[in-house]
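There are two complexes below, and they share chain A, which is joined by chain B in the first and by chain C in the second.
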Partner chain A sequence: MRAENLQAGAALALILATGLIPDLAGSDYWSYSFQFANLLIVAAVLQSVLMHDADQISFGQGAIFGVGAYVSALAMTKLGLPLPLAVICAAAGAGLAGLLYAIPALRVQGYYLGFVTLSLAAVFPELLFAMDAYTNGINGISTPAGAWKQPLLLGLSPLSLFTTALACAAIVGHVLLRRSVVGRKIRVAGASPESAQTLGIRPGLVRSAVFVVTSACTGAAGALYPPIVGFVSPAAFHLELSILLFLAVVVGGRGQILGPVAGIYLLYLLPNVLLVDLIDYRLLAYGLVALGVMLLMPDGLVGTVGQWLSKRRVAAVAHLSPDELPIPPAARRADIAGPEISIRGGTKTFGAVVALDQVDLDIERGAIIGLVGANGSGKTSLINAITGFNKLSGGSIAIRGRATDRMSPAGIARLGIGRTFQTPRIFDHLTAWENIQIGAEARLRPLAAIPEGPLARLRDRLAGSDVRTIPHGQRRSIEVLRAVLTGAEVLLLDEPAAGLSPEERQQLATLLLRLRDEAGKTILLVEHDLDLVWRIADRIVVMERGRIVAQGAPADVADDPAVRQLFAVPAHA
Partner chain B sequence: MLEELAFVSVRGLGLGALFALLALSLNVIYQATHILNFAQGSMLVLGGLAGVMLSGHDYGTPIWFAGMLGTGLVMAAVMAVQGVITLWPLRHSTEQQSWLITTLAVSIIISAVLLLTQGPWSSEFIGEVPSFPVLDMRTPLPYLVLPLMAVFWFVALRLFLRRSLQGLALSALSQDLDAAAAAGLHVRRLQIAAFAISGLITGTAGYAAAPIISISAESGIRYVISGFVVAVVGGMGSMAGAIVAGPLVGILAMIATYRFGGQYQGFVSLIVLAGMLFLKPNGLFGFTAARRV
Partner chain C sequence: MLEVRKLDAGYGLLPVLRGIDLDIRPGEITLLVGANGAGKSTLLRTIAGFLKPTAGTILFDGTELAGRKPDDIARSGARLVLDGHRVFRDLSVWDNLRLGAAARRDRAAFDALAADVIDLFPILGEKRKLPAGSLSGGQQQMLALAQAFLGGPKLLMCDEPSLGLAQSLLPAIFEALRAWAARGTAILVVEQHVDIARPYASKILHMDRGMLQPTP
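Our next item is the complex of A and B:
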């Protein structure tokens, strides 16, 4: 948080100084250079939001910028609109173009999306040629800046003020987005789509919305290009511009607030201003700088320098044990007859592999059900089926009598089904407290007020903690608490005790019992620690090769000869 | 009508074979490393440049073949070096997508060097290009050579990957990197070998295609996109898919060029790519991967 504030301060100081001083000094050349640099900074900040916050790869932001520039040029010359209205048109046009990225983003991710955006950016100049009736082909459109370049006060032109304000707004907006609920949801949807779904977020929708919104904003920045440069032509919006924006973020340092500013200065300003005689070497410089940075300082300029500076301060190790987790009081709700979850004939096949084979299971309200079995016996498959991550090949699942076969994982989560994962989904770029907070922000179900005391103590302790300092076993506690805070009535816990010390296991057992008794939660516990399961479960279900081979009270199951064959059941049960 | 059909299908097949060769070479690296080499198109252009420079020798003669072999070996070495550079950050960085940037950077560097040494124009093949008749139309020989070459490399790769010890080890990498490492395979060495094999394929393909393709600083990125489109349509990592999808995409692209003009070739690739990703993201021959949770 403190580092972020520092970076934002530095970025604002740089933008204000470079945006305003050239006008005050009366240097047209520097005014022009920094107006343009500030526009690129806006586009690079938006690229950073896409790349780091939303975890989306786009190699095509230059084309979106170009759409903004062309729409604004057309709006001003053909329709005779004033610049502010042209900016609005450009934002709308670029937002629409962003849909071309957003629609594939619903389905595909990563480098696939990179290639789609790359090919769009590659055909954009060709598209401009093809539509020469409007775009005037290779000659482009001439756009006089008019009064926007005339000094207003102390030599400051409206255009300089406008671009400086826009760049400052981008930096401030980025910081505020990071600290907002929406920003955290975007980050969760990007970093772990599965985890997002358990929080009721639809990751595809979030990704698409981010593409459209960042595109509209990039377009608004592009709208200022025609008045600054004086004309638009296809040559300005080649793939090179898209790659400049992408590399600026990488070279500056991914996820760093100051990163886009540093990247644009290094990749655009330096070659274009200092090496102006060596303009032919610019492309070579991009490539060499990007390669050098990736090999020598993978965290980018700002990231690497930041690490040097923070190395002296030893990060405080946060500690979180299961017995510190606050317990919400039981939610008062009308009693519904029947089990919470009921599965009939549940079958799931992957090719020839049968993961679930005719599973019939009822999970009654307010009970702890222990689900045990060897690795590969279908335990996690069952959780995935209940939560909608894998659709059943046959049979059906009902939650409180409502069939969920056609519901999305996010929709099922909103029915109050929470889960944790075998590998905890912890987000390194959120603080320890934010990792918990995202559960409460999901508000899947109305949650009775959690006792403020313990929660506030936890918040005070974890608010500034880097989640990377928390040992692996305790990360599970974060995920459990996150699920509890969503207000989920059913918790499906996938091996919550793995990696915990014996003492922590005892605390976990106490926590689960309290969640059942005080909060009235229903818990399905998948666990290899049979001692733990036999100690706290009301009922035990044993799976083997996708089938349920035994279920019943712990003592009865322990005596079942079929179960005794599978594993050594704890003797004291 | 018949002539149009013959023109489009013969040239489309040739172009498609080139795309298939690119997809094969992308797939070799993808299988061994799960990396997509953005510089593959630039490598093809380098192979093509070698073809242009050695174009004094008649196309199809033994000397020409020797030139092709030499180009293939040089490109194998070049790409082995690229492999070392690309895999380097993965050794000690948790940032697993560094390859996106390093391969893109290599592609930019090659383009920039071409721009500085060759200028922005396309290098022309000067030597004599033999041709063969298709319904009274003279068709340059490369349109015949490229499909043969695609089949040759497909069969050679298949034999290598299924029969030889090294090839089997590479196949093991494509199944499970961690298990392969645990089984004592020299993962890094095998991955660099995959880059080299990919360079061999791309280098010879560029060399053979030199008379009929545009060899300029900025054409690299278009080739890698075409190769990727074919790889996706065929199913990422599937060699058979690449061989089948290549001609399909090539003929579609040729129809677009013939009907609407060359500038629409990019659109067609884009539409095919977007359509395929939307309808069947795993491609024609891809496997349905179970979702990991």
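Our next item is the complex of A and C:
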């Protein structure tokens, strides 16, 4: 938080100084250079939001910027619109172009998505040639800036003020986005789509929305290009621009607030302005700078310097044990007859492998059901089927009498079904507290207020903590609390005790019992620690090769041969 | 074989290990227990070279390990098996085993050792051609151990071999460790299921807030 404020402060100071001082000093050359640099900074900040916050790779933001520039030039010359209206048109046009990226983003991810955007960006200049009736082909469109370059006061031109304000707004907007509920949801949807779904977020929708919104804003920045440069032509929007924006984020420091500013200064200003005598070798200079920085500073300029600085500070280790987790009071709800979850003939096959085989199971309200079985017996498959991550090949699942066969995982989560994962989904870029908070923000179901005391104490302790300092076993507690805070009435816990010490296991047992007795939760507990399961479960379900082979009260199933073989036979050394 | 003296280590300026003294002898299974965050995994990672100690010495067969690179330490015969049974899921079981010996060039020794390992875990022999990702969790943990055995380590360190495994598989894992210790390998294992692991241990060390406590 503190580092982010410092970086934002530095970025704003740099943008204000470089955006305004050249005008005050009356240097047209530097005014032009920094107006353009500030536009690129806006585009790079948006690229950073896309890449780091939403975890989407785009190699084509230069084309979006170009769409904005061309739409604005056309709006001003052909329609005679004033610049502010042209900016709005450009944003709309670029938003539409962003939709072209958003559609593949629904289907492909990572570098595959990057290559789709790359090919669209490569086509863009060709498209400008093909549509020469409107774009004038290679000659481009001339766009005089008119009054926008005329000094208002002390030599400051409206264009400089406009670009400086836009760049400042991008930096401030990025910081505010990071700290907002929406920003956290975007980060969760990017980092772990599965986890997002359990929080009722639809990751595909979030990704598309981010593409469209960042593209619209990139287009708005592009709209200022024609008045600054005086004309638009296809040559300005080659792939090179897209790669510049991508590399600026990487070289500046992925995910750092100051990163895009540092990246644009290094990759644009340094080769184009300071080394202007070597203009013919511009591409070479640009490659060398990028290579040099990445070799010397693998975390980017800002990231690496930040690490040097933070090494001198002692980080606090956060500890979190299960007995500290606050318990919400029981929600008052109309009594519905029948079980919370009811599965009939549930079958799931993966090719020839039968993961679930004719499973019939009722999970009654307010009970702890222990689900045990060997590795690969279908326990996690059952959780995935209930939460909709895997659709059943046969049979049906109903939650409170409502069939969920056609519902999305996010929709099922909103019915009040929370889960944790075998490998906890913890987000390193959020603080320990934010990792918990995203549960409360998802608010799947109205949650009776948790007594403020314990939660506030936890918040105070974990607010500044780097989640990476939390040991493995305790990360599970974060995920359990996150699921509780969503207000989910049913908790499906996948091996919550793995990696916990004996004392922590005891605390976990107490926590689960309190969640059942005080908060009225229904819990399905998948766990290899059979002693724990036998101590707290109301009913035990035993799975073997996808089938339920035994179920009943703990004492009754203990002697079942299917259960006996699960227990470790103590060695006699 | 392994002599750790006054070892301090941590992340950044944050101390985790404080003044660790530890002796491990060939043929012994040393069990390291303690609460989460006590520093058990950090100790294993420091010995294996993933973390640089800030003070102290780690003597392994008389040579200093502190400050050397993880791959260098692994080649000198100290091997760490990480938690969460990490195997190469897309490679076959057999290729995974061959990778275990990648640092060694001696073909005849590898064949003999591989035969031994498959003797110990017959299931890996049966499934040698299948991708490792198709194995169950327990079998993957066996594969991870087998991989480490094939490197012919003098010191084998295991971080929570039981993580995510059915309890009934644990005795088999510890039997395998015992069989390997009987050949003169020193074994240092972190495990939370103390009751199951205790009978196999020659020595139990308790760790608390970065320091080793005398075991009552």
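The working rule: the second predicted complex is superposed on the first by the 557 of 573 C-alpha atoms of A that agree within 3 Å, B and C clash if a C-alpha of one lies under 4 Å from a C-alpha of the other, contacts with A are read in each partner's own complex, and residues count from 1 in each chain.
Note that a residue touches a chain if its C-beta (ideal position, glycine included) is under 8 Å from a C-beta of that chain, and two chains touch if they have at least 3 such contacts.
Keep in mind that this is a model prediction, so the values were computed, not measured.
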Figure out whether A:469 sits in contact with chain B (first) or chain C (second), or with both, or with neither. second
A:49 contacts which: chain B (first), chain C (second), both, neither? neither
First (chain B), second (chain C), both or neither: which does A:284 touch? first
Tell me which partner A:376 touches in the superposition: chain B (first), chain C (second), both or neither. second
Which partner does A:20 reach: the first (chain B), the second (chain C), both, or neither? neither
Of the partners chain B and chain C, which touch A:567 in the superposed model: first, second, both, neither? second
When the two structures are overlaid on chain A, which partner does A:442 contact: first (chain B), second (chain C), both, or neither? neither
Chain B/chain C common contact set on chain A: none
Touching residues on chain A, where the partner in the complex is chain B: 57, 59, 103-104, 107-108, 110-112, 114-116, 118-120, 122-123, 126-127, 129-130, 194, 239, 243, 246-247, 250, 280-281, 283-284, 286-288, 290-291, 294-295, 298-299, 350-351, 380, 384, 389-390, 421
Which residues of chain B touch chain A once you look at their complex with the stated criterion? 36, 85, 88-89, 93, 95, 97-98, 100-102, 104-109, 111-113, 115-116, 218, 221-222, 225, 228-229, 232, 263-264, 266-267, 269-270, 273-274, 277-278, 281, 288, 290-291, 293
Per the touch rule, the chain A residues reaching chain C in their complex are 310-315, 317, 319, 373-376, 422-423, 469-474, 495, 498-504, 528-530, 565-573
Mind pulling up the chain C residues that touch chain A in the complex? 11-14, 33-37, 41, 83-84, 136-139, 160, 162-171, 174-175, 192-196, 199-200
